[in-house]
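Note that the chains take the letters A, B, C, D and E in the order they are written out, and that residue 1 is the start of every chain.
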């Protein structure tokens, strides 16, 4: 709960000028956090901070367009804010960013895999780099490292890249991300890869939670997945349609995805959706030496071009 | 030893016989210019023209055997003084870029060839790796006063796709090297015309006609000697000059040098190593003319200086 | 929807390898198809009447014609629909000729393919809708680029037709290649006598504004409303003041300047008037040779100029001209023969190009019309002409025939005999191409009356010998190698696209072929149009042409512009992008990628939205593939229309996924 | 001159075979004559190169394969270098010579004997033995005094060895010939 | 298997109106014979080709997809093909993660004058697709198989 008091103080200090500040509070049990929209000082007192604060709150910003909003961000979340600003989907003057250094957040799915069920959590305590969860009177101790989200182990942006107020001491270490997970996946045969997606997508329930959780998905009510004009996806409940929706999502995120992993986290059936976006990012990085959500003034690669491309060679047809 | 100028060397059969002076002078000049020649162990004949008139695979195989021998060596490429060998080696290598042809060729060989080494003439290596500038610096005995017609022969640069060196209509590599020695190069229009090749034995009339034309043209343009880079050309022009004279009723006494002999002379190498005495038409006259012109020039400059 | 399908036989062009009857039969089974039939020539009058009748009788909503490429007859059939009272955009074409019958021989496969294409067109049409054109004003001024004979003709015809003409010429005078010629074939009349008056007309025409020494920098806009930025290059002479008296030329000490007009036969002065009949007759300074500009010394011309016209500090200037149409007449350049090593690669002074020879023959040329060979100034007795230098030669990337070399070579052989009655000319040729009016007769005259020896074969090499050039060639009719000792060798160099042609094409957004010649809209039926509305071609920029053809095209292009300008307003193409204001989230990605600045940001009830400016939109659809929510749709190529086509082709069995 | 009946006398297999073995497209030749114009040997030919090309184009097998020109081409590459259509003419001449040889023609007998003598010297010794080559040639042609004058210069200058080269792998070379002949006969 | 023998495969082409569609017309006018598998969809510009059209085709049974536009610098709309180049290159590189062979998709530049080149492109691409054979069909059998495979992999 490091820095929490300082954070609360800063928010209270700035609250008068803001319509609201978005942070986290405890959810329906002690393990789960949920977004908190703070309008009063009392609201601020409900706020929590720590490895359980998983949600990327930047997701709420586009829908709060027009309001003065404060937002609390981890390093990874801040990239979404930057990307939104770059695409002019939110206005810099309208937002106030409270940045924090983050050592990692938990993956509820990993904890669930260990505990079997998350329905009967009695208490949760974070103590240094360990996590103690009591279920049914039994205490389960985890090392945070072991139950951290995958994105945390390769985190290169522990500190918020953009902030009006930064609380705490910046973390200096940063990991490398060589996209080894993508490479490993692609070591499988083509047939196996396709089978992987076909079997996974056959579990999809078309709830669009992945899309709703995505900070960069800004079409919302006008998502092409649910429109007849244009009519990209038919009404039939087919694997092709579900899979194709994920392709649409990936293409729409090409050069924009900040890899916050909300899509994957939000998926009720646990589909590995981030893999597709990471593949896309890997290629974008190789082709254009570009990473989304790191520079406000940059231009998204697919909305620009060079007459002579550095890394695209004609294949001699 | 890993000199940057280290090459697998293919002397060619005539180097052991009729063009021994070319062989000797090439060796001597390369040594003096820091080009290391490692003779391809147990090289064999490239098959020359007769082989490719029979079959292209046979011809390629005869050449490729030598490329195979060279592949184990730590060298920058294969080089040869003889344009005929060069053509055979390069054509074999060029055609073997085609998988099917390579397989067919390899089937005739004891040991398959990878076809990885570049192939060049000694002339190309001297011209490109040493160059006229550096050569000029090394000249101890300039051949100023000598007037030469440069004769490249027909296949040193042709066809350009395969040979990939110098200009196919107006090659200049030898011109520039000779000029670096102080020699005056006369414009010679028949630089790449054929001399009659190996028809000297079976159809002498052809050689008399074609080589005769070359000698006439050289004389017409005021050359006092010719320089060549090909054993066959040299033999036709030099050794057969007497036959040409009697057949065409001319009386040429045109010395025919190998360019390596002249480079060697200018570098101050031992004449015995350059095989100068082995030439058929006595080059003495050409050298005497050169010396006379040198003396004249010297005198003139003295006069001019004292006149100041 | 009620769609009629018409499958064209195109004589045997389509019916030969496609079972058109079966295609029509199968098409009838497609959803929304109310009528389908085959027709001999859909584009013919009975063919079109058949379509009209079907529309009227069956009350059709849309029509699909399966015939040739829409690039050919789409406009034809759209008009047919209009005549039947349907909106012209309720029409699709299936290209079963160029894309099917002409490229495949297997009738069964072709028939299947044709049916697929018809099904795609039908599917696309079901997603189509009526589009209405808007009208907009046009600016009735025309830009002519290039002041050669084609450009001059086009400019004069447009100006005489009452249009304002802007004529832009790269060099300091109009006249082009023709002004360098001594005489012209097949009449052997003096080139400057027939071109000169036209040049003067240009100078004096009240409707023509001439920019010489100028180049087109940038072109914005669209048909009817172009904005053209023109760079007036510094000539270092105030042309308003210059009277063309030529005093500066007499006094200029820098006499070794490159003489471009005389093809570098001889030299000129650093300040010069391009040639005596130049239009405009103004002096200009070649900055590469002017002592004042290089070393800041001299300055003599400024001292002697009676009107103080010299301006050493003159800078390039950019002017902008609004025009409604553009005629491109940028001509050609000559092949650089030094690529031929066997012809000496430029080393022999007495091997010259045909254009250089033209200057030697010309009375106003550097030798006053006396043929003197460059090496020693002697009059040549034996002259060898070599044809096809840089033409019909794949090995140097020029496989095409330049067309006019046969004729000008014959002319030069005739003139040679006229100039030097005791001379003998030889012409090495491969084939003689003389299909014009009086052309072949002219060639015969060169042989019959002027004794020119025509040798059928190419020249393989030439070399100097005893002050002559030995030309070694073949006489393939004799089956012999032949040699000629010539005093002068004239190379009939071919034509190639003008230097910088591709760059200008990019500015004009027109296409060009592999050799840099501009592509006409249709090789037979639209020879002076391009695929960019409002841009027309004249002369050799489209391919090598002689003078009559160039003049003809100049007039043709002018006529096309006059037709275009015969209305006061043009209809805009309604195939533009349209924003669905509800779906637009105002992210501006479409604005960012639009190459034409055709999309603007607007405020819609307090929300930022995108809006398409119809007259600027060119209909490329980049915005449509950029917008993630599909809020901006290019009309007639909407997502749904293209998806409809995809869906026809790709309908994998849709299996319900397991739950 | 006999009339050639172009339709019946055209040997299409011949054209195909030439095209296949030479990897050249005969139809590219438009008879400009540049090959003949540059050919140094054309004086000695019975058919100029461009006519050889033409005769191949019209499928005249016998006339082409029995001409002398094929045996007099020295592969100087002038034709190939200057062909405006990038046809490797010298290679076609070579291929025609192969076919002519296989068809049992040897219209320039001495040239063939010389070449054969050359190759048999290579086959036997791995490298050419110039003296041996001359000896074989003289015996086979009966022209015992060929270039005897030249020997006067060559032998004293050590330019003509009486003994063949010593080469370790000469068997390897003769194996190449053996494999070639086996493949040829199979 | 060569392209002109055996069963036709499903190849979708998206061609820009100004260059490649014209190039295909030129090939037709020149009577350059081509394999018959390809079906051409005409679009105004390669920049109009949303990569999703390609994915949609591939997911729903296309065995190959070919996009062709004007050569870089020659776009009728100045810049469309530059955008297309980036998007299509990204798309091509994305395919492997989906388990789709990248050779099933290609993009090329063919101008209106390059009829011969168009023929070569069609021949080469069609031949390549025939070498790959029909694309895997996503049907009940495949889904069932995939699920078993996934279950055993765990």
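Here are some notes:
Following the convention adopted for this analysis, a residue touches a chain if its C-beta (ideal position, glycine included) is under 8 Å from a C-beta of that chain, and two chains touch if they have at least 3 such contacts.
Note that the structure is predicted; figures quoted are calculated from it, not measured.
The chains in contact with chain B as well as with chain E are C. Under the contact definition, chain C and chain E share the contacting chains A. Each chain gets a centre from the mean of its Cα atoms; the one farthest from the centre of chain E is B. By count of C-beta pairs in contact, A-E exceeds the other of the chain pairs A-E and A-C.
In this assembly, the chain whose C-alpha centre lies farthest from chain D is A.
Work out the mean CA point of chain A and of chain C, and you get 55 Å between them. Between the Cα centres of chain B and chain C there is a gap of 51 Å. Note: centroid distance chain B to chain D, computed from Cα atoms, is 24 Å. One inter-chain figure worth recording: chain D and chain E are separated by 50 Å, centre to centre, where each centre is the mean of the chain's CA atoms. Counting partners per residue, chain C has 342, 461, 593, 626, 639, 643, 652, 655, 657-658 as the residues that reach two or more other chains. In chain A, the positions touching at least two other chains are 202, 232, 239-240, 303-304.
Shown for chain E are the residues in touch with two or more other chains, namely 51, 56, 59-60, 73, 79, 83, 87, 138, 143, 147.
Screening every pair of chains for touch gives A-C, A-E, B-C, B-D, C-D, C-E. Chain D meets chain C in the complex at residues 28, 30-39, 42-43, 47-48, 50-51, 78, 82-86.
Chain contact summary for the complex, chain D toward chain B: residues 40-41, 43-44, 72, 74-78, 80-81, 88, 90, 94-95, 97-98, 101, 108, 110-111, 113-116, 118-119, 122, 126-128, 130-131, 134, 137, 146-147, 149-150, 153-154, 157-161, 165, 167-170, 172-173, 175-177, 179-180, 183-184. Residues 182, 185-186, 190-200, 202, 232, 239-240, 243-244, 247-248, 250-251, 254-255, 275-276, 279-280, 283-284, 286-288, 301-307, 309, 312, 314-315, 317 of chain A touch chain E in their complex.
Note for the complex: chain C touches chain D at residues 342, 388, 392-396, 430, 456-461, 472-476, 479-482.
Chain contact summary for the complex, chain A toward chain C: residues 87-89, 201-202, 204, 218-220, 222-224, 227, 229-232, 234, 236-240, 242, 252, 299, 303-304.
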